[in-house]
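In the two assemblies presented below, subunit A is common to both, partnered first by subunit B and then by subunit C.
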Partner chain A sequence: MNSMADLRAFPYPFGDSDVYRYSNNAIPLDPPNPIELTDSYFDEISLKRELLTKHPERCYHSAPHTLDAQWEVVDLIIDNLVTHYPDRFELEKKDDEWVFSNVQTNENITFTFGDSTSLKIEPLDFIGRHVQEDLLLMMQRDGNLFLDAGQLCFPANWSLYFDAGMSFKEIHSPIPGFKDQSLDDRILQFLMRIEAGSPWWRKNWSLLAGNRLDTSLETFADWGQARKRVTKENAGELVHLRVEVQKLFRLPKSNGILFTIHSHMLPLEKFVQHPPWLEKFYSILDELPDFIAGYKGISLYRKQVLEYLEEEMRKR
Partner chain B sequence: MIRKELSFSKGKRKFLFCADSTEEKSLHDFVHQAMEEGIQFDFHIVGEEPDSFLDMWFNQQKMGSYLYISGGWDFVNRVKKIALAAGFSHEEMQMKVTGPFKKKLICCTCHAGNPIEDEAYITCRNCGAELEASTHYSPRLEAYLGYVSI
Partner chain C sequence: MNQTSTLRVRVRNIKDETSTIKRFTLESMDYSKLPPYSGGSHITTFLSLPSGTLERQYSLFNTTLEPGLFEIAVRLAEDSTGGSRFWHQNVQAGDALTVSFPKNYFPLSFQAKHHVFYAAGIGITPFLSMMAELAEKEHSFELHYAANSKEQCAFYEHLRTVYPDRCRFYFSNSEGTKRLSPKLLLDHRIGTHVYFCGPERMIEDFTNAAKSYGYPSFNIHWERFAPPVNREHKPFSVNLQRSGRQFEVPANTSLLDVLRKYGINVPYSCRVGGCGTCEVKVAEGEVFHYDSFLTEEQRCSKGIMLSCVSRGKGKLVLDL
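Presenting the complex of A and B:
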């Protein structure tokens, strides 16, 4: 893909402001599609499957009571795939006997919808292997949301194994400032009011020294080292803007919430080709409070990235 | 939260004092204060009683009851679990541990559980990574998260 196509496809994460703070920046999702296929589809699902095979304990978790909700996820995603990508996915249904076909991988999977014994792996794990998105399932009970199942191959430095079973606030408790002005509570209340048929989405961003998608907390000791190697000279190539497109769907029968995360990455040298993006990003990164930079893992090399961006701005 | 020292909680309808046989004295001041202020209370020194006894005791309580637990690490955690299951919230109890804390720290790299007391840093007994103890707690694993630094 050429540079301009990369730029056009990239989900630019910043708004109008020159200042970034944590907020509930979710907006209604229209059209209401949980899944998006990009040019990296084949590479990314291959990587996902490899990670799931080698590291199941960190990439997949489920509590037994999530199976019904998992089937709802299968229904939602297959319906989206065959409707929007009819030349790449097919579905034949005869009552509850389904045959799902992934044309690109040349797979035909036959199963009885709702019968988990008819699949070799759990429903969420099965459908997650056909999409680039990470899939998290939050179940609602006692006025709270709990991370009760998930397939997570491309986490931004967190651990599904550790966070599984936690409530929304417990998961987010390590984020500095996230409790300020009760933001954690306001977002939780927002999530619990999401209605079936009216999904929402938001973008979240961070910087990554390196270009791996599988930045799990479990492997931080490996990929985190690159933070120390960032210089003004190599920042354009080494440092990537990482954007998560996050979507939220209420599952009507189980009352769970499906949270999909599609991670996109672009090296800064490509990102800065569009001058308004360059200037906006410089302002935001320059102003970013230390506690946010620290949590996003940028502190060690923020200075080098700012120097790189300044030089790029001088060139234009 | 498990504390080093307890404090008297004002404005409660009833107190439940619960200690193991070695720690009953640590609650005497509070019992005394409850008596002086005319607040209803129960006081149990738990010996061989089974979980079902404590479960029944907690389930008989009405809204506004407040629980003190004092004893060794295993005792306090056992009683806390039963109380939470019976509907007490963390805001409705205070706990004091005497003797060593036996927390578990999960290695973020290899997921091994490591026993810790109050250390800020330990070496993972399984993979040898240097771990920094955090306050991020998993109820499922009953453990805290240990981060590696680079």
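Presenting the complex of A and C:
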């Protein structure tokens, strides 16, 4: 793919402000598609499957009471795939006997919808292996939301194994400033009011020294060291802007919430080809308070990236 | 309310449950299955009247044996503002209607050891889907249900047949039967969650009694539908307390747009009253809340509003 096509496909994460702060930046999702296929589909699902096989303990978790919700996720995602990508996915239904076909991987999977014994793996684990998105299931229990199941291969420096079973606020408590002006309460309130048929989405961003999608907390020692190697000279190639397209769906039967995360990455040298993006990003990174830069893992090399961006601006 | 996320349904069947309550069975227009829903869910129905669209909420259930149908029960209210009268007098089998996706603001407790439902009159409806869900999951529950008489007791035969050992009925017009009393709350074991649905007064009596008997508020649940919203968009004025500035908000413009136009940088995101980002503090004045984000308690506190959809009545003073 050439640079311009990369740029056009990249989900630019910034708004019209030169200042970035934590906020609920969610908007209604229209059209209401949970899944998006990109050119890296085959590579990414292959990597997911490899990670799931080698490291199931950090890539998959589920509590037993999530099985009904998991089947709702299967229904939602398969319906989306066969409707929007009919050349690539097929479904034959005879009552509850389903045959799902992934044309690209040449797989045909037969199962009885709703009967977990008819699949070799759990329903969420099964459907997650056919999409690039990470799939997280937040169950609403007694007026709170809990991370009760998830298939997570491409975490941006967090751990499903550690967060499993925690409430929304417990999971987000490490974020500095997240409790200011009760932002944690307000976002929880927003999530609990999400209704079936009206999904939402938002974008989140961070920087990564390197280009790995699987930046789990468990493997920090393998990829975190690259932060120390960033220089003004290599930043364009080494540092990547990482954007998560996050989507939220209420599952009407189980009253749970499906949270899908599609991670996109672009090296800075490609990102800066579009001058308005370069200038906006420079302003935001330059102004970014230390507590946000620290949490996003940028502190060690922010100076080098800013110097690189300054030089790029001078060239134009 | 996002109008794009609605469902088109057809009235398959109408049945008189009592002399004042009708049950409507709704099916998908294309004979596919309507979405599933959790116990305690409701739908909003959009009724097209000559005077405009009327939004009404009804609890969702399915007493048929066929999956993928919606059922609602509508009691003809003596003081009907149009909704129940329309359902009773105008809606016919075969009619097409627009309804929302199922929503649930009255969910079952996850950790309850035992669930006890207290219903009066048409207040039985949210419990029909809750009991169906608990029965399917083989959880423990019981129902206490008051009506004027056996004849006026909607779903009496259905309940007696499907949950024979779990229902107790209280008929106020019959001699010799017991009345439904909050004292029953004294008989439930620890770990019980209680649910109330009925007239305002009944909910209040049972809630107060439960609290006085020592039930944690966490274990007490009740259902009260939001009153119908009349979305009138009239102009109003705002004063900003801190800067002393003053603006007019025209009928066709949002408060958020006016504030931003004059350089007041209120953050925002969704612009449809759903995300809570554009909240502003209200110092004085009355607010028409049109959002779907704030809780009843937050609205009653009168201190906040969402500037993208909610509006002032006459004059508002904002803490800005």
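Throughout what follows, the second predicted complex is superposed on the first by the 316 of 316 C-alpha atoms of A that agree within 3 Å, B and C clash if a C-alpha of one lies under 4 Å from a C-alpha of the other, contacts with A are read in each partner's own complex, and residues count from 1 in each chain.
Everything that follows uses one rule, which is that contacts are C-beta pairs under 8 Å (C-beta built on N, C-alpha and C of every residue); 3 or more make two chains touch, one makes a residue touch a chain.
Keep in mind the model is a prediction, meaning the values are calculated, not measured.
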Joint occupancy of subunit A by subunit B and subunit C, clash or fit: fit
Following superposition on chain A: angle at subunit A, subunit B versus subunit C, Cα, nearest 10°: 70
Partner chain in contact with A:Pro174 - subunit B first, subunit C second, else both or neither: first
Partner chain in contact with A:Arg193 - subunit B first, subunit C second, else both or neither: second
First, second, both or neither for A:Lys228, with subunit B first and subunit C second: first
Touched partner set for A:Leu217, first subunit B, second subunit C, both or neither: first
Per-residue touch tally on subunit A - higher for subunit B or for subunit C: C
Touched partner set for A:Ile27, first subunit B, second subunit C, both or neither: second
After superposition on chain A, the shortest CA separation from subunit B to subunit C (Å): 5
Residues on subunit B engaged by subunit A in the complex (per definition of touch): 106, 108-111, 129, 134-141, 145, 147-148, 150
Residues of subunit A touching subunit C in the complex: 23-28, 30, 32, 65, 72, 139-143, 186-187, 189-190, 193, 195-198, 200, 202, 252-255
List of subunit A residues in touch with subunit B within their complex: 57-58, 159, 161-166, 170, 173-174, 217-221, 224-225, 227-228
In the complex, subunit C residues that touch subunit A: 2, 4-7, 35-38, 41, 100-104, 107, 109-111, 218, 267, 269-272, 274-277, 279, 292-293, 295
